[in-house]
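Report on one structure; see the data block that follows.
As written, the chain order gives the labels A, B, C and D, with residue 1 at the start of each chain.
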Amino acid sequence: MAYSGRPILAEELLFKPEHSLIDQSLHSRLGATTTNGDGFGIGWYGEGEEPALFKGVDPAWNDRNLREISGQVRTGMFFAHIRASTGTAVQRSNCHPFRHGRWLWMHNGMVAGFHELRRDLVMAVDPDLFPDIEGTTDSELLFFLALTFGLEQDPIPAVERAVGLVEDVAARHGVPHPVQMTVATTDGVGMWAFRYASSGQARSLYFSTRVDKLAALHPEVEVLHELGTEARFIVSEPLRDLSGAWNEVPESSCGFVRPGEAELLPFRPLLAAA
Amino acid sequence: MAYSGRPILAEELLFKPEHSLIDQSLHSRLGATTTNGDGFGIGWYGEGEEPALFKGVDPAWNDRNLREISGQVRTGMFFAHIRASTGTAVQRSNCHPFRHGRWLWMHNGMVAGFHELRRDLVMAVDPDLFPDIEGTTDSELLFFLALTFGLEQDPIPAVERAVGLVEDVAARHGVPHPVQMTVATTDGVGMWAFRYASSGQARSLYFSTRVDKLAALHPEVEVLHELGTEARFIVSEPLRDLSGAWNEVPESSCGFVRPGEAELLPFRPLLAAA
Amino acid sequence: MAYSGRPILAEELLFKPEHSLIDQSLHSRLGATTTNGDGFGIGWYGEGEEPALFKGVDPAWNDRNLREISGQVRTGMFFAHIRASTGTAVQRSNCHPFRHGRWLWMHNGMVAGFHELRRDLVMAVDPDLFPDIEGTTDSELLFFLALTFGLEQDPIPAVERAVGLVEDVAARHGVPHPVQMTVATTDGVGMWAFRYASSGQARSLYFSTRVDKLAALHPEVEVLHELGTEARFIVSEPLRDLSGAWNEVPESSCGFVRPGEAELLPFRPLLAAA
Amino acid sequence: MAYSGRPILAEELLFKPEHSLIDQSLHSRLGATTTNGDGFGIGWYGEGEEPALFKGVDPAWNDRNLREISGQVRTGMFFAHIRASTGTAVQRSNCHPFRHGRWLWMHNGMVAGFHELRRDLVMAVDPDLFPDIEGTTDSELLFFLALTFGLEQDPIPAVERAVGLVEDVAARHGVPHPVQMTVATTDGVGMWAFRYASSGQARSLYFSTRVDKLAALHPEVEVLHELGTEARFIVSEPLRDLSGAWNEVPESSCGFVRPGEAELLPFRPLLAAA
């Protein structure tokens, strides 16, 4: 779940909504795995230059510290992730969001055949960036490939090139349909969300309708008046069953949100020139 | 799950069967909660006088050490438990099995209104036993009440008195139907399993058919020939869908197993004389 | 370590000072045990009515989340504790500070013979408070005894009665010199620190000199100008070797700090009338 | 600590000796860091083809499961390690011993400038072995370089080449004296221990005198009669202050032990031909 808007307490986002992210740990209706208990993480922008991270390997619903911290963190840009491991170790360094400088990154999905492709993908990471890789996941590696291709300067082409590279390496190893992803990334100001799968059948991803439109549709729902007109959510699963609230991000698309701006753009992997 | 029989590697019991206990962590079909990820524990008799325990709060399917240890523990009496907390803290000291001397104890269910009843129940524990209480669960307290009433000398009446006491204290506090339990306990030689609920609707509990009878019914199933005729299982959920393999322990009953012996007896809470 | 004063980032208090609390985990010069690696905890007043807690059983120097959170928590009343277990389990529910309503409590020391005294002490806790006990330490029990005797209304007599009770119970069990303690407690506005041992030889406890006096003594030390004149520290070990900065709290004393107020008072255990 | 000899309970090795490895966690007299609380691990040969591992990030002295398992593991080849991180994450995948097939490996020391050298070292690992790397330590990478150079066929030259490669890569990056190491490795039958530092000043490493000679020297020490004549220890710090019991492995040497055999050989890094 990613939230952008007026500063709000994290616990409003994690524990309050009808089908909050914490509830998703237990019963994920649209996710690929029924239970997401292999770790959680939150990232937000507060004091200091870089965003802060609170991540752990305990199931989210059990972590007392998560509840405590959620009641104390007030922020206008908030990322939260529940992990279901696709093979790599369950350890804090493999939990999302990942951070580099001012950027946060989280990913649902996998790189198929990662065991075979990993070495070639690792070698494609910029040598100056390589030492900053802390874990062993495909998700973090995708992040570092995107950074290698200039995520910090121009995110969408950077991610297109990263995915293009993975597909190219996979083709050379004979691994079909390697990329399954929904990704959210931010620099603290803007937020980008990607939905793409090499097979054309990506996992679910939704963005929220403008809050003022929704408040007009549902005047009885109080929280809509508290949220502020700039509030935007990007989620794997809808937070609340409210008609008109959630809009699917189409396959092979990227949504971009910044205060006052929101747009949907096509996403097409690019293969860098040989 | 409780196993009694010829020495066998724990990993055969935990990871091999069709619907093994480890799989039960994720998809418990008959349990009260869909996911049991609040801890696990195994207990077994090997070197030394007392049984050994390996318990932890990580979800069982994630614990690498559990897999490693399972491949090394060979034992003829084996207890395994997956926990779904009913309110008390998720910490190793609240994981089952609990141990006292040569005895192991595990419990599925709860004492309703435990928050209100706890002080009175704690005070009913033998003062000499009280210092050995390590955690804060209703399950461990039931164990210590049973020990107080002579579990080590005559298990069935001891548990009947323990349950009788809980029901009496609950009545005085106005808490209806306090006890929901399936319990397994052992001294390393014999194994007792109880199924009882104050409301008359207890959780599921099964014991296995004699292995030689089952091997005759299903000659094609190899593991039955490896298990040995003395093999007995007591489980919350059947380990394998095999017709004729599993028999329900009736409501308000206690099953007792010892090499060469197996019987079902009625279970009736006793209120100790005032 | 307890801090009261102008709001400050927790990381300034935990990680910056010369001999910060985090360093104390590794090399405690004045503490009873050389290494304090059995857990840590911080408590502070921020959003909401009750103070927030962040506690864990990893050694403080290893906990990445502690570093992250410290950089985000800005508060005017801050408690931090490093634990060295005196026997009870290492688990989050046994880490300090403990909380009840708006009150925080932390304790260095032990109740000797706790194994023998525990039952009687538990029974002396107000039955309405008893259900809130989450762990199994002597420290938390002392807190609940103080609450039983009215900590929230009048702290010093309440703690005097709690200690008096422990000494009385110990005498009846033949346990000499039961209480070894330095305690810090707060309601978010005022801060009380106690130094007492039944044997007359309590662990170390210091309070800081008024910052304006100290800045006059040491004009070259920059942080003193940033701290603000109301800043007060109460610590087990001095945070910084600076002459004139630290004053010993005498044996059998209680220090009290509130904005604009600071005093030292005698502390004498009281035995409640039979 | 490495033990080779007659099968023995792990708890005899970990918890019994005067200055056991568990005590070393707290007060390491000869180690580079005073406290080794960043994880522990044991490896041993029992059931099955491959050795078993029990590793964790809790300080060794706190891990209840370690105590329990130690009382149940009986083995003739036993490795135990206490970790003090030199920078990489504290997580189970970074704890020693590391395993590959039948081989175990543990390392005290570091590769200086690892952050700079890591990418080149990673690329030098055999592509077929690379996917098996689970963590991010220099220690594990040294192991995989040794495997790349044929550890499983001829250990000493393989380690010489691995170290040679590291020194060569370090020279090209301008990092002086890169390798600081004591290493123990085994295939379950033989045990090799290496002591080497690029600077010529390696950490401590000792091997034990033949037990029968020692029993003659110290007839009053009972455990010597229980140990069996084939017992051999290789340790970072002496387990027991007993004159004549411990012999320093010289700088730039490798000790090799197999039932009936023990020898000291020189160790010289080899640079593979260009």
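Everything that follows uses one rule, which is that contacts are C-beta pairs under 8 Å (C-beta built on N, C-alpha and C of every residue); 3 or more make two chains touch, one makes a residue touch a chain.
Worth saying up front: this structure is predicted, and the values here are computed from it rather than measured.
Trainee: Please find the path from subunit A to subunit D through touching chains that uses the fewest steps, and give that number.
Mentor: Graph distance in the chain contact network comes out at 1.
Trainee: Quick one: compare the interface residues of subunit B with those of subunit D and tell me same or different, with half as the dividing line.
Mentor: same
Trainee: How big is the gap, in whole Å, between where the Cα atoms of subunit A centre and where those of subunit B centre?
Mentor: Comparing mean C-alpha positions, subunit B is 41 Å from subunit A.
Trainee: Where in subunit B do residues touch two or more other chains at once?
Mentor: Correct list: 92.
Trainee: Contact residues on subunit C for subunit B in the complex?
Mentor: Against subunit B, the touching part of subunit C is residues 89, 91-93, 115-116, 118-119, 122-123, 127, 130-131, 133-136.
Trainee: Give the list of subunit D residues in touch with subunit C in this complex.
Mentor: Against subunit C, the touching part of subunit D is residues 26-27, 34-35, 37-38, 57-59, 62, 85, 90.
Trainee: Which residues of subunit C touch subunit A in their complex?
Mentor: 9, 46-48, 52-56, 64-65, 68-69, 71-74, 92
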